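Please find the structures below.
Across the two complexes that follow, chain A remains constant while its partner is chain B and subsequently chain C.
For the complex of A and B:
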């Protein structure tokens, strides 16, 4: 197929610029090569310009701001590493980093763990239409805006919301509460929303991975009477290392950089129980006008993401 | 196959439970949205006197028609430009393999996991300085730039795997680089470009932080950005808030139902390649 398409295009081009063709192919000098390089770079230029101007430049400015004391209006004053020291010293600020890593457990471990379970169940007992419907439905939360997920769960987890109603129905009145307003439970509740959003994504990615595994492995295991658990631990998990790595990368990044869900459901409260770097950067910069401090936290956030993501990438690529 | 009947039932029951947990929240906000505005309803019961008018009220107070136009115009600005320039860059890096290609690739890939919170503060001051803060470009221009790492990487994977003979043959025939790109390689790259376009449309529609910080008037934001503002105003009117959320979700859900296969496969491939 590609051959015929190619030859059609070739002949079309030939008729278009045949005089130019001969002159071009004869010129094989270094001049021509340099010209090609320049043209090549011209192709990259628009993307590069956008990227440098709206991503790399602000990134450098973040680093620069982080060494200054600035309220956004007056003169900036250089303060060295003071903003970084403040982040580590003030419990409310350092707490955001701790919270971010706690969110990693909810956003990553649960979706990947439960996702593996569901994916292997779909593979084993629901490979037909039922499994397909299950996959589509489970994916649904992934396409709605996180803000909407936040609003929905903000209502469901409120004192008169669905979650408490179900608990009351089960006779568990004693544990009902306004989950997102509870100092102990607010962070796990936010984490649970993350599980709801990310579970379908992980499940589908893992199902695709399982479907790539040679079916004869499973068949011979089943002939030997392997249980679901045998299959799961000795075939599924080891052969899905790559997909698990991808899931972890995506979910960990989502957890550390969380903003939308937290901002909409709790805005960091109660107290600072659910405060994460993203929300704290927003509050410091845009309601408290402490640009330097906000930037120091922003730089730390970027470093955190890199420190966590790079090893995951290396490990999963290595074994693949 | 030696799968017992009990296991099949157990497994499917578990799947049903998971599907229920996924869908129940949507059902709950739907029934809630039908309660009289201003009341505090129960989680999942059907109202005695369903207030279908809540959807119309929400549509009006959320300024939906303006909002749809604004979101759509942002998508229509961002997606074509981002597609074109990222594909061009990826073509030069992956197919022409220009000198410095590896360095360029590294530079773009560096931005792949960059959290938006890391650059949002300088972006705000930059946009004020160059005068695009609070304009229709405020969200669009940074978004195009923020999509570059992923889209260049994504399209490069395609171009790296295209046989170089195609390029050589065309060059022998005297095609200039633009012809080579526009007439030969672009038609062959339709599939990855389509997936990328779908992905970027969904991401743009759902973009919240940039909208929140860079555009003051909610009616000029993206869907998600406006929904955030709507929540700020109607946090205490649960039925109206739920109605507004549904109104905002409907376009997304309709698109998802129509393009579910493409959306799902694009998102999964995107994660694997990214």
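For the complex of A and C:
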């Protein structure tokens, strides 16, 4: 193996403990680090430029607009915190935030909870071909655009839709209704569509996580006579905290910032029963031309998402 | 020599002045037009309605130097896009306008007063033209003209003749009480008395019967004042309360489909055409479709007044199109609008495809309509409304978001038993005031 002059020089310097040599070596390595850093930044730069331009810049602009009264066309007028006060004072606007938190139950708690159960069942009893098919079927909704999913579910949940037909077939005529037009059931119905969409994503992530858990842990638990439930609570859940954290982060963000499913299925109705901040921001900004108020609600929505998501992230990292 | 030079100079001066004068007179006399050079009109039309497309096609046939760059979008999207389109780098020469007051106030729409003078529109008597006027302080119905109608729609009550025969209806009801009787009979016969849409996505269709009831028990002027944003106007009036309570009674009596809050416009039409519902509150823009799918089985009447002898009233408004204040071919666009109202072929297309009154000069001849078409009935009803001067714009058009943020959610709540008549009017008035206070 040919040895280059450079490497001889390097090894010489390494073995040499003189102050000159060590300072040279430090300079060399710091040069290397600096070069690597520069190259690293060069790789990151294009994406960073896009991120700054398309995410950070609009974000800063939104924060700025939120302090102004502006119709998007004419002069802006500074109004201080007035827009923020309006959000809290107008019941319809504040009500959307309450609805968004209700959606968290459907978009996050159900998909993660049911996803955990399904993942653990697939892991225990159906890891072969059947497991693969189950995973694929569950993941399918994830690749369907949300708007298309909304339209399809709009039909399925209509008064003459498949859901009601099945209920009628089962003799449950009394509970059939136009699910998306019913004050009590519209939000749960929208939430159910969210469960359908997000369950596959959570299950897939959790199955992958379970497969990374050392099988010997399950084996020894089984030898000790652990039931499925013991395994689930003592091994699966604690060792899946990272994955659960990711699932919760994604689904909670989806719930709080929901727009497409709600806009396509109910547009916020009936009344304001399914109105969420995303839909209100859209109406305020584009229908009412109240860019300032829309921006204030958007900024509050962002803060709300961060308040909920940051603890989830910290908790899941802490335990990992 | 000097004298000769002077006289030549004078003569040329006289010639020049007379030429300039002639040119100036020409400029005044010649109405705006599309010229002879190639023109590409930049237009935004509403998806789902053939009329403007057919008119554009015919216009190019007659004026081959004019071609079209047509973009189309859903009405609800147009509501959101219009300010940016008008203010953008490629402002439309012609655009379907969902609302207009704010755009006129923001200087985005071209003032059409000069065109009105040039084409003689200011001499046409249709009252609905005033719906396209906006005053300097932002009140509709008065002041300068900022938009123009391709035609003038009419709203009323359609009925399924076979279903109506089942409840013994032989002629259109003449009073609200007679109409109430028919509705009660339909309910008793196990039929759906009124088919109407009501989902938030389509916008609440109960705004139609509500406004018809308002005009049936009260006068149209205060309703129009409210729509036109006249200072101090309110929708929360004693007579409107009676109308809203009447609608509430209809809802409680089960005259509308139980799933109305989830029914979209297109579904309501499809269900009505299949025979569900005796009556349908809608406008003549649906004529062509109803003629096609319910041939011979569809009838129309104006909403009857609460007291016998009182004039019937109806929502009747222009199919509004505007020209961007920065449009490149404003003259040609205005010429097109004038052509639509005055050209025989265009008027024929307007009635056949659009189903509505094409407007135009008072002495213009109404185009032929196929015998048996429902358009005959709506056009005849339109004449009654024009004569009585009881045309109204739509309460949904009072502000850009009053429909989405006021009428739709509050009427949906009324259907769900979560809002009463008084609360409905109060909530909508509050939303109206908050929007106008911006």
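Criterion: the second predicted complex is superposed on the first by the 271 of 320 C-alpha atoms of A that agree within 3 Å, B and C clash if a C-alpha of one lies under 4 Å from a C-alpha of the other, contacts with A are read in each partner's own complex, and residues count from 1 in each chain.
Following the convention adopted for this analysis, a residue touches a chain if its C-beta (ideal position, glycine included) is under 8 Å from a C-beta of that chain, and two chains touch if they have at least 3 such contacts.
Small disclaimer: the values here were computed from a predicted structure and weren't measured.
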> Which partner does A:286 contact after superposing on A: first (chain B), second (chain C), both, neither?
Replying inline: both
> Regarding the shared-chain residue A:134, is it in contact with chain B (first), chain C (second), both, or neither?
Replying inline: first
>> One more residue to check, A:277. First (chain B), second (chain C), both or neither?
In response: first
> After superposition on the shared chain, which partner residues are touched by A:72: those of chain B (first), chain C (second), both, or neither?
Replying inline: both
>> I'd like to know which partner A:213 touches here: chain B for first, chain C for second, both or neither.
In response: neither
> Is A:259 in contact with chain B, with chain C, with both, or with neither (first, second, both, neither)?
Replying inline: first
> In the superposed arrangement, does A:183 touch chain B (first), chain C (second), both or neither?
Replying inline: second
> Between chain B (first) and chain C (second), which does A:222 come into contact with in this model arrangement: first, second, both, or neither?
Replying inline: first
> With both structures placed on chain A, which of the two partners, chain B or chain C, ends up touching more residues of chain A?
Replying inline: B
>> Output the chain A positions appearing in both contact lists, the one against chain B and the one against chain C.
In response: 72, 264, 282, 286
> So in the complex, which bits of chain A are touching chain B?
Replying inline: 2, 5-6, 9-10, 12-14, 16-18, 20-22, 24-25, 36-37, 39-41, 43-44, 46-48, 50-51, 53-59, 61-62, 65, 72, 114, 118, 121-122, 124-126, 130-131, 133-148, 151-153, 155-156, 160-166, 196, 199-201, 204-205, 208, 222-223, 225, 228, 243, 246-247, 249-250, 253, 256-257, 259-260, 263-264, 277-278, 281-282, 285-286, 291, 294-295, 298-299, 301-302, 305-306, 309
> What does chain A use to touch chain C in their complex?
Replying inline: 69, 71-74, 90, 92, 158-159, 177-183, 264, 266-272, 275, 282-283, 286-290
> Considering the complex alone, what residue numbers of chain C touch chain A?
Replying inline: 79-81, 83-84, 87, 102, 106, 108, 198-201, 257-263, 267, 400-401, 404-405, 408-410, 412-413, 415-416, 418-419, 434-435, 438
> Once bound in the complex, which stretches of chain B touch chain A?
Replying inline: 1-3, 7-8, 11-12, 14-15, 18-19, 21-26, 28-29, 32, 40-44, 84-86, 88-89, 91-93, 96, 98-100, 104, 107-108, 111, 113-126, 141-142, 144-146, 148-149, 152, 166, 169-177, 179, 181, 183-184, 188, 202, 205-206, 208-209, 212-213, 223-225, 227-228, 231, 238, 241-242, 245, 248-249, 252-253, 256, 260, 263-264, 267-268, 271-272, 274
